[in-house]
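Letters are used for the chains, namely A, B, C and D, taken in the order the chains are written, and counting of residues starts over at 1 for each.
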Amino acid sequence: MGKYTTLQTPMGWNSYDYYDTNVTEADVLANAAYMAKHLKPYGWEYVVVDIQWYAYDTASMRDQFQYIPFGRNEMDEFGRLLPCPEKFPSSAGGAGFKPLADKIHALGLKFGIHVMRGIPRLAAHQHLPVLGAEETADMVADPASVAEWNPDMYGIRNTPAGQAYYDSILQLYASWGVDFIKVDDICSTGFHPHRGYGRKHEVEMLHKAIEKTGRDMVLSLSPGPATVEQSWHYSRYANMWRITDDFWDNWDTLLDMFTRCEKWQDHVRPGCWPDCDMLPLGKVGKHFGHERDTLFTKDEQKTMLTLWCIFGSPLMLGAELTLLDHWTLSLLQNEKLLRLENGRFVSRQVLRHKDTCVWAAVDPKTGERYVALFNLSETAGKIAISPAECAAAFPEGWFCPEEGTWEEVWSGNQSDKIGGEVAPHGALLFHRS
Amino acid sequence: MGKYTTLQTPMGWNSYDYYDTNVTEADVLANAAYMAKHLKPYGWEYVVVDIQWYAYDTASMRDQFQYIPFGRNEMDEFGRLLPCPEKFPSSAGGAGFKPLADKIHALGLKFGIHVMRGIPRLAAHQHLPVLGAEETADMVADPASVAEWNPDMYGIRNTPAGQAYYDSILQLYASWGVDFIKVDDICSTGFHPHRGYGRKHEVEMLHKAIEKTGRDMVLSLSPGPATVEQSWHYSRYANMWRITDDFWDNWDTLLDMFTRCEKWQDHVRPGCWPDCDMLPLGKVGKHFGHERDTLFTKDEQKTMLTLWCIFGSPLMLGAELTLLDHWTLSLLQNEKLLRLENGRFVSRQVLRHKDTCVWAAVDPKTGERYVALFNLSETAGKIAISPAECAAAFPEGWFCPEEGTWEEVWSGNQSDKIGGEVAPHGALLFHRS
Amino acid sequence: MGKYTTLQTPMGWNSYDYYDTNVTEADVLANAAYMAKHLKPYGWEYVVVDIQWYAYDTASMRDQFQYIPFGRNEMDEFGRLLPCPEKFPSSAGGAGFKPLADKIHALGLKFGIHVMRGIPRLAAHQHLPVLGAEETADMVADPASVAEWNPDMYGIRNTPAGQAYYDSILQLYASWGVDFIKVDDICSTGFHPHRGYGRKHEVEMLHKAIEKTGRDMVLSLSPGPATVEQSWHYSRYANMWRITDDFWDNWDTLLDMFTRCEKWQDHVRPGCWPDCDMLPLGKVGKHFGHERDTLFTKDEQKTMLTLWCIFGSPLMLGAELTLLDHWTLSLLQNEKLLRLENGRFVSRQVLRHKDTCVWAAVDPKTGERYVALFNLSETAGKIAISPAECAAAFPEGWFCPEEGTWEEVWSGNQSDKIGGEVAPHGALLFHRS
Amino acid sequence: MGKYTTLQTPMGWNSYDYYDTNVTEADVLANAAYMAKHLKPYGWEYVVVDIQWYAYDTASMRDQFQYIPFGRNEMDEFGRLLPCPEKFPSSAGGAGFKPLADKIHALGLKFGIHVMRGIPRLAAHQHLPVLGAEETADMVADPASVAEWNPDMYGIRNTPAGQAYYDSILQLYASWGVDFIKVDDICSTGFHPHRGYGRKHEVEMLHKAIEKTGRDMVLSLSPGPATVEQSWHYSRYANMWRITDDFWDNWDTLLDMFTRCEKWQDHVRPGCWPDCDMLPLGKVGKHFGHERDTLFTKDEQKTMLTLWCIFGSPLMLGAELTLLDHWTLSLLQNEKLLRLENGRFVSRQVLRHKDTCVWAAVDPKTGERYVALFNLSETAGKIAISPAECAAAFPEGWFCPEEGTWEEVWSGNQSDKIGGEVAPHGALLFHRS
């Protein structure tokens, strides 16, 4: 995992859920300004530009393609993609993302970009030179390694010249001031024989390239699902890895996340975060052609945030921040909830039945603890658990089994029991110092 | 299967096993001349030029690549591949394979070529026009459909413009006088979700394109293994389909072919041939960098030919014909053996044990019949079978169960029993009119 | 397939869909009497007693089990199951099914029974003798071969003593006058490593045991799905094999049957019938605890019958015959429809789109032909096809492509085109001599 | 994992590799006496009686069966298996394993037994009562849950009566003084749909039953391979779980263990041990019918022990201890090696190439550390690694990257580098306090 030493779990905003391939510099800056003002005090800090910032004509053939095949991209003479100046005017003249990153940094925030694994296909077909290598792009690119869903790149061979290409783009990103890269088509690759976690060597090459820059950058791997069997490898070479395919605002995938978190519960620790994916809150979908309010009910939104936080997932907002309503904003400003992201808690699923799920988290050093009760069914119902049952999920001595007074985080109510009536698809979150 | 009406199972020669990607016009003509003189009287007639006849620099990076990635290919302005004039001088000036095909035809033989499924990748990246369509190559090519093992092409979308591209190349081939096309990366495609028989629409498009030319062309699909569940589709739209991955001269894959033939035994009929792949006989492997005599023993060679013939597979010689020794040639001139390829026989596996396999074939109209005894073990042993046991594998009345005199095809010996000592990995073949 | 020589595809009645495990002698006789009177003239002739005729207390623990584990079964001293005399009074005193079979035969009908593959588990645990063998049942039974869904039997080892056990039960069935056995847990076995068609040797043993009896008995294998790759084996050793898991009255499984028939279309011929399973018509489900009318609409019922007949599946009624209404009975008395079951037709799927499917059948000797148009969508729509398109699915010369007058079988209407408005989930069937 | 609190990784002896199903009380006592005298001072303490201690006639049909189907077992009136008194005379009269356990304890050792998951099949067929439940064995047993390889038991349903059965046997074992149970057919079950870790509820029931006894018992699950995705479940409910199918003395499976350890490296901690299975050392195989010396070379034996120890696997000797030679014994008395089993070390694979593998372990509290160099190839070769490379595999600050003096554990040599010539299939193990 390199030299990443921050305890805090990454929290921020990502352009994809609202803007698809089409976000512009102005959009990014507007969201960053909102974050600096309303969210930064609560821990939110990353501003991430998602896919195809290098592409022209994005969204012009929406009825046929999300990604236009063999379309026009901005690329330098070494086959390195650059921001499309039509969407990011400040990048013109070779400035790249540096001007934008500078502005983000000036707001006290951090700047991230999305990267497709590999080298542009056209660089290979055009035999472009690779910076720092004698071999040209056609020798670096693997013609059989393509993404199932995106036409832009070829995967990179596990050779010194391949490493040189990755070094060349990471040096560029470091020179721009990038703090976070979300690398795509790498955590779960679609095609056999690369299926599953099939390009491990490219993860290692990215890790090395980041280390060589000397800059702290979060390495985030997409899409999921990651495979638990390789948890040791994700942990060693990356910081975040998606445990699910793209997550959107429907209950079935939210319900499914409970099973995913169950499997990954032993693998969360600072610098090593299984990632439940973006939070589709507020307004989403505009540049997919159908702007809408999140389809999640308020209870489902609280359930989602409760699960992400007690599990310890990174939090990336998939919303147009400037359009957030007051109620949604209040969720994102709940300090007691977000305390779970401070990197000091260990969490476990306590029980899982068809209609009920209970998780607990504890700070082993201080004994501070949380218990979340989830109602997965379609009808309201009472759920209760004893501290002793929670304690049984942890090593002896961690979670104090004694009774006492608890505060329910969403309502602020005090209680001497962990339990209560829970709404359909809803959650209660109890806290005790 | 279109209008293909010949009963005879295809028999011929293919350049691959000896020449790999590197066969030249002179090589083809030398083999054709030999065939015309020594083999044509026995039914051998197809001369097939295998893979990358359009590529320059073939075999120049043998230590790294069989197929040079992003290499130079000869292509016309409509993205149609043409013979590389350095290897096929008579093709220069836009003549294509017509001059060569004419010479082959003049010898009384038929001419075939290998074709990779799809459209050249560079045609897509260059947005070339497609003959007969308004859409350009970038709209015809599917960027996610690549071969696992060859870097030249993209698969074609199931659209009218896609059909137009296939029509355009088949019209070209028909104008050259092509009688046989071996289409590759189509019978079994490597990548999920196209894995297995994953590009059925391209087979149908090829079938339609052939029908539109009005010319009889054998449509042969590679590589294998084909999937039995789709036998109805292969039968309807193609003439030959490989039931195995590339077959070479080692016993394990020959032994494995018995299992493949067992599964496909109900699916052989004129115009619809499950294909056991080329016969690696005589000299092979030269342009792979290691010319050698076939690694099969003489007994194994007879076993191979016996199985291919009694099963009813097409026969394609993978040998340099001009270097055939007398003994090997004699195998290929065995009229009683090759009679099994006349399209009148129905064959069945009679029994299969670990060390023994027996097949029988019968012409239901005349009662003429064959029985093959195979010794799959490492030691010589006696094998015998009664006509009644063979008869039980066929519908009642087809295979006459009465005793009588049989001729063993390889030795010419007469016998009143079907049986005898069989060499390790060897075969006996009994015939009775 | 043994010596089975009847051309006619099997048609009859089976007790399962209405009676589950609980059918009695009186029920069977009532259905047989109805069949003899109303259906026999149209080709219906088999009366089949389905599962657990040997078991006591059937249906007494319905809320927990369909098959009571470790329950009481009627068994002789050689471990052979006998009819439970509480359900089949005439079987008492060792008479077995002979008295019942005699009555069925006296009605001009044929008698069939269901058989679980294997030997009763208790026979093995009790070390009972096996008739005709020195080894006892504990040596014949394979303790790792159990059904996934039924607790009664162990599979049988591939040994002479195992064959002796199968011989002993088939001799018993032959002595009773059984004409049809439906063997279960054998066409698709549930457990790896026996998964799929995992007990081929038991099929071969059953085939041999039937041959030894000298009696014509249809060998029907359940449940499905059968695997196309083993079609040669089913064809050689059995007469019918299920291509689907249990089929019930819901549209999704009926829709799915089109895909199954597509895959099996090349494998139908007299004595070798891929089997689409029972027809859930009229009243069904009573002894499952919820008697009901079939959930299929009238159009879906016609679609089902049209598909089963043009494909060439056996027809087994899953209905209480004595409760059939007039409309349903009329379907089963449609002579022109049922003519497709006479064993003289070859059929092919002509085309398959998302919403439409067309099949054609032809008698290659007489040229008589049928075309079925299926509307798989939720809305009515016009479907039409030319004779030439149908002809392309057959070998040249079989299906006459000329225009002419056709009769629509369900309505009796004449037309010079094959086509018309088809109801949602409905079918039209055209016929021309 | 219950209340298991010992840091020390379990080390002991198991009867299987030498005695198969046929070990006797005298054999067990002889091995225990040897252990107490020669091995106990080095940490070896468990004496485990493996499979079918309840069965009569074991090994009497060796040529056909390892486990005689439907054979005779010793069982009480509640369907609980008891030691066969012919093999364990002190168990007669209902004493069970108590007398033997007492003798083992008197030697300062701990006593373990093997248990097949489930309830005896015959108990179900005989409808025996279950202690503490109203339901009888036929309602507790699941007739579809059988082992792929052993005929004795049915799995147990997830019901209160099922829990009562498990409670009843664990109470019995606790009353005997059992310290360790190795439950079989539960860590990886063979049959779909129970395939993989398919009987989780039986693990939870066993865990509960052990907790109810109030006695510390190690819960060890077999056979492997366990599935990494369920590591959280194994960790919570069991103490040891096999990561491999039965391990024997051949190099290929030893080589394969490196891949297994790689995958499980993040999941080793006190009370939660992924288990590499028994050590086939010294004499093995006698009651399998072929007594022999281990087929491992001396170098391979050292490699095996080095890997097991640096990974942190439990160590169970599969040898006849009384026949150990001096050299083998010396391996088992290597204090510096066995120190790795003290529960204080965290270990990681540092690198893995085709021919080389390096692991490192560190005690994060003291900084004491080990590095193992493995030569996986067929030829001797030099391997070296720097402390800095090892340190990169751990969180910052754990493994000190500075240079210094190391001791090679097998030879006792001192060196200032981690490296040296390593024999084919051999290992070096470096230590530094």
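The working rule: a contact is a pair of C-beta atoms (placed from the backbone, for glycine too) under 8 Å apart; a residue touches a chain by one contact, two chains touch by 3 or more.
Only a predicted model underlies this, so the values are computations on that prediction, with no experimental measurement involved.
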| item | value |
| --- | --- |
| Contact-graph distance - origin chain B, target chain D | 2 |
| Number of steps on the shortest touching-chain route linking chain A and chain C | 2 |
| Chain B and chain C, separation of their C-alpha mean positions in angstrom | 40 |
| Rounded Å distance between chain C and chain D, as computed from the means of their C-alpha atoms | 51 |
| Sites on chain C at which at least two other chains make contact | none |
| Residues on chain D engaged by chain C in the complex (per definition of touch) | 69-70, 121-122, 124-125, 127, 138-139, 141-144, 146-149, 151, 190-193, 195 |
| Interface residues, chain D side, partner chain A - complex | 3, 5, 227-232, 235-236, 262-263, 265-267, 348-349, 393, 396 |
